[in-house]
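The structure appears right after this line, and notes come after that.
Going in written order, the chains are labelled A, B, C and D, and every chain counts its residues from 1.
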Amino acid sequence: MIIVLKPSATEEDIAHIVDRVTGVGLSPFVKRGTERTIIGVVGDERLLASVPVSAFSGVETALPILSPYKLVSREFKQEDTVIDVEGVVIGGNRLVVMAGPCSVETSDSLLSVAEHVKAAGARILRGGAFKPRTSPYAFQGLGMEGLEYLSRAKEKTGLPIITEVMDPRDIPTMVKHADILQIGARNMQNFRLLSEVGTCSKPVMLKRGLSATIKEFLLSAEYILAAGNHRVILCERGIRTFETATRNTLDLSAVPVLKSLSHLPVIVDPSHAVGKTALVAPMAKAAVAAGADGLMIEVHENPEEALCDGEQALLPKALTALMSELRQIAHAVGRDL
Amino acid sequence: MIIVLKPSATEEDIAHIVDRVTGVGLSPFVKRGTERTIIGVVGDERLLASVPVSAFSGVETALPILSPYKLVSREFKQEDTVIDVEGVVIGGNRLVVMAGPCSVETSDSLLSVAEHVKAAGARILRGGAFKPRTSPYAFQGLGMEGLEYLSRAKEKTGLPIITEVMDPRDIPTMVKHADILQIGARNMQNFRLLSEVGTCSKPVMLKRGLSATIKEFLLSAEYILAAGNHRVILCERGIRTFETATRNTLDLSAVPVLKSLSHLPVIVDPSHAVGKTALVAPMAKAAVAAGADGLMIEVHENPEEALCDGEQALLPKALTALMSELRQIAHAVGRDL
Amino acid sequence: MIIVLKPSATEEDIAHIVDRVTGVGLSPFVKRGTERTIIGVVGDERLLASVPVSAFSGVETALPILSPYKLVSREFKQEDTVIDVEGVVIGGNRLVVMAGPCSVETSDSLLSVAEHVKAAGARILRGGAFKPRTSPYAFQGLGMEGLEYLSRAKEKTGLPIITEVMDPRDIPTMVKHADILQIGARNMQNFRLLSEVGTCSKPVMLKRGLSATIKEFLLSAEYILAAGNHRVILCERGIRTFETATRNTLDLSAVPVLKSLSHLPVIVDPSHAVGKTALVAPMAKAAVAAGADGLMIEVHENPEEALCDGEQALLPKALTALMSELRQIAHAVGRDL
Amino acid sequence: MIIVLKPSATEEDIAHIVDRVTGVGLSPFVKRGTERTIIGVVGDERLLASVPVSAFSGVETALPILSPYKLVSREFKQEDTVIDVEGVVIGGNRLVVMAGPCSVETSDSLLSVAEHVKAAGARILRGGAFKPRTSPYAFQGLGMEGLEYLSRAKEKTGLPIITEVMDPRDIPTMVKHADILQIGARNMQNFRLLSEVGTCSKPVMLKRGLSATIKEFLLSAEYILAAGNHRVILCERGIRTFETATRNTLDLSAVPVLKSLSHLPVIVDPSHAVGKTALVAPMAKAAVAAGADGLMIEVHENPEEALCDGEQALLPKALTALMSELRQIAHAVGRDL
């Protein structure tokens, strides 16, 4: 940490800061410049995490030098994390497509769409049993019944299941049905839920919050790793900006940024980012070109009748067509699909 | 709802839409213009909430006319909601100041600060027992022990307690200690938690999420009212923008907007919005001038030693000084403090 | 336009609005619903552009139905606009890469980089003679001298020139040297400058403003077309968001959105969007996958010595390597490079 | 400046950086920590403004310590800047209200509103002769004729005039009519215009750009001071955020932040920030409570007939009512009105 002092800082201020820094076990050094005096701190500045240095008398700003996360960082672990989900490898050279309906509706419709997306080349089945909805009056998911349907679809198709968990109390049941637990964007900073899935034996896909910086996103992932679960997948799904032409703004530069800062795999969800069917395919292709390790795409056989997010669902045949384009782009960037 | 059709929409498209709208029990009317045909929908358009109208063939956009929330709206209830918390009235002509430390640290320090803020004129004591922290390595609060300290401070000072609830599993214990349950910004769309506090007998203060629109904020409040708890207080605490000079950007125009759309009381938390002690007082004063029903302010006797958010805490004497300015501004806008 | 009335609107309010709408030559119709009365307006609602309908007594909101721009829209002109710049075609099946230094520095260095980017496959040379800089103390460009250097580089390499215009007074000179006039992001709503380049004989590349919605972006393009110059190229170059890991956030979904709303070609500038060399290539590839008609990329032979934006410049050999990847992605999406 | 090196930085990297820093006349020092080596720079780091340090081999980040602006800063000039405009003092203890129509429409209507706002207590008359409009089809102002009307209104009422300048070519005429030149939000980074008004003898009011950080805002003001004109007034008028309930989001915390960083007076324009008449008064009051040196408020005698921004105009009688509340709030914060 570099502590920049105000021009008005006194010798007492300096002595006091040096004292406090030394007190937490770090080594400060003082450098007096022509316009500002600075105090540098050598050592693991995370020890200062709970010290409000910028509130100290004489301090103008305190600039951290190290990233506040550790276990998720490339520095901590240089090689890419590769996660094996029932034989489907995420984070390796071959990309993975997770597809399926926004929410599980009936056992039959789920099975039918599962077979379609499998035929198209998707290797993981998505489907929400518990749905976080902005309005209390919107369809909230089938709950436990939906989990049963997902298990049945897995049995028939062999596709591993990813589904969202919203409440720590549901976890014991969910881990019996899901192969990947998804934490949604709105729960990215539901720290209790993060800690709880951190003690699970199942991999977790963590979606970026609507207004989460990349640093906050990685800190939320750190919660899960710090609790013991190192099988975490990051998912960029659009951030909130002033633009209203799309549901959110897909931040594709987050893909190479996350890949450089962290060893965790990065998936992109273009469906929720754009919110409109016609924009899903171009953004899916762009995500692969940008270096994503995979995609999560909403597919529905009859979007008009979908109980949730029909506006952004692809028809199964559109997924099939998209897959062949994605494969060519994957090859162009040295990957497989 | 007004459904605007594309110039390319066919008669089949129109017939199909009219059919679907009629199917949910609403009355459509078709108006053919020179450049666009529109289909208007008469009746409670919330019936269309789960129908992805904008995904229908021939549809360009679907413009809702009614607000998606109901119980929280001024239209539903014209007079201001006034909430009595152990004799302290929130939402009436007299403003309320909630003050205290970010997190409960020791029983003694809490008691001391409670006596100070009471003497300054604050009428509710705030203090976090469970703390949502961006980093897993930061102090997470004293938990249940903190709740005990809060109860003791209430006993000694008579100040009702507001404290944050983060997990549905904690609620049964929390309602024994807290007079107001606070839902933090990061949990504004933790819908399970919202529904759960909606079944409690205690008032709830709901903080606006960092990137929540006012519409989403009110919909989250609607979750609580829809579950049966009508004693909800709204709290503006800053939104996330591109500006980094302050921790967040305090959106004070939200105060008159919320007061016009909803009957619920509106509190402003300048401390979390600005994140810097020196900016708390001007923003507290501005909030009162803008029409807020009260303030939530962080106070600590020794901000340097605070385990949480010391950068933004006021000293007790600064609160005392601020209160007299606030009182004058309250009078200027026809209120009392 | 759909005018939604407040529940409290009176018959006088309705009569008055109907009167005003009729007064500008449009036909209103009134529809009384159970919760709201609406007044629809048939005809070209742009006639209401200067009428503050939402300020009328009894009005809750006024929802426009038509887009406020016309000449730039797909509805006005269905086929793609294709612009021939000295034999280089922009907006056709073959993509175009514009490359060169951020700012023109010396005649020799410009010529050298021009030869390199030409060899790599770029077909237009970029280089700033007039530089808009955030700080008055930063290098402001060589001005007229820079224009001379650009002309010389064109003479030697045959590459057409694109350079930025900042001031209406410079236009007469600039049109002698530049083949495409660029309007920078910070001048996207410098309406005088837009009108002025609208009377020029040279094509104009208009960059999206940092906080411009797509609607505002197209309205600024409309200024140029309305003044008579229909050869306009749109350029997405990143928008301002809360994220600080990148200089700006590249909004790639703007590419398919703009291509659907407008007939104008769309270029992406990944260099300014991300601001870091290592992120330029992934975003350039993503832009092509998303359907862009071309790219603008900053190249410098010695980024460390660059007088401007060295942090984001590619070395010439990096451009060469990137071009072959871009070509494969172009083929994957049915384009050529 | 503090240069933080990557763990992988070599001794050659360090030597090279030290060399470059020394080369521009600054003194570097190297500090090797356990996790990172840092290179500190002593002296006026603005000398490094054009050196892309973060692009150097081995560099992770380069953290500036000093603010990039100088003349506008409190450090440069500690006492508040007070500007006398024809006898009206801006920046002193007494607040100033600038009021008038968005755009000048007729000589009679301007004169009438001028007399009204003067009677209400406004001391400067605003009115746009040249109007920057998002759409080319909206009313663009009366131009030179509007300036004549403003001069006539000044003659009759004695109120000094503030009006917007959009084009450097108009300045010679404008300085004959205007007492304060206004630079609008959309031109905040029209650097040519800034430099040009920097050579004028008239005070300049600079409005904050829609997505300008406070640092960028102050750098734009620095352009004007650096060109010789030290009579600059800053104006906060709302920033662009994701919220759509208001036209923009008024960032009132910018007021105390600007007052602490700079010696220049700070005015707030609530009308453009909120865009709705009903919200103007609460935000005007909040601005005074937050410490603004004055307000700019749009007033129109018949908002329904206004050629521009009728949605946000106050009636003259509403201004009169507001003034008395503002006066009380001014007194509460130790100011006069």
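Throughout what follows, contacts are C-beta pairs under 8 Å (C-beta built on N, C-alpha and C of every residue); 3 or more make two chains touch, one makes a residue touch a chain.
As the structure is a computational prediction, the values presented were derived from the model and not from experiment.
Considering every other chain in turn, the ones in contact with both subunit A and subunit B prove to be C, D.
More C-beta pairs in contact connect the chains of A-C than those of the other pair, out of B-C and A-C. Centre-to-centre separation of subunit A and subunit C, using mean CA positions: 31 Å. Distance between chain centres (mean CA atoms), subunit C to subunit D: 26 Å.
Chain geometry summary: the mean Cα position of subunit B and that of subunit C are 38 Å apart.
For subunit B, the set of residues that touch two or more other chains comprises 211, 240-242, 244.
The touching residues of subunit D, when paired with subunit C in their complex, are 20, 46, 49-52, 54-56, 68-69, 132-140, 166-169, 186-187, 189-192, 195, 209-211, 216, 219, 222-223, 226-227, 240, 276-277, 303-304, 306-311, 313.
The part of subunit B that touches subunit D in the complex is made up of residues 211, 213-215, 239, 241-246, 249-257, 260, 273-274, 278-279, 282-283, 285-291, 325, 328-329, 331-333. Within the complex, the subunit B residues that touch subunit C are 2, 4, 7, 29, 31, 33-36, 38, 40, 42-44, 63, 65-66, 75, 240-242, 244.
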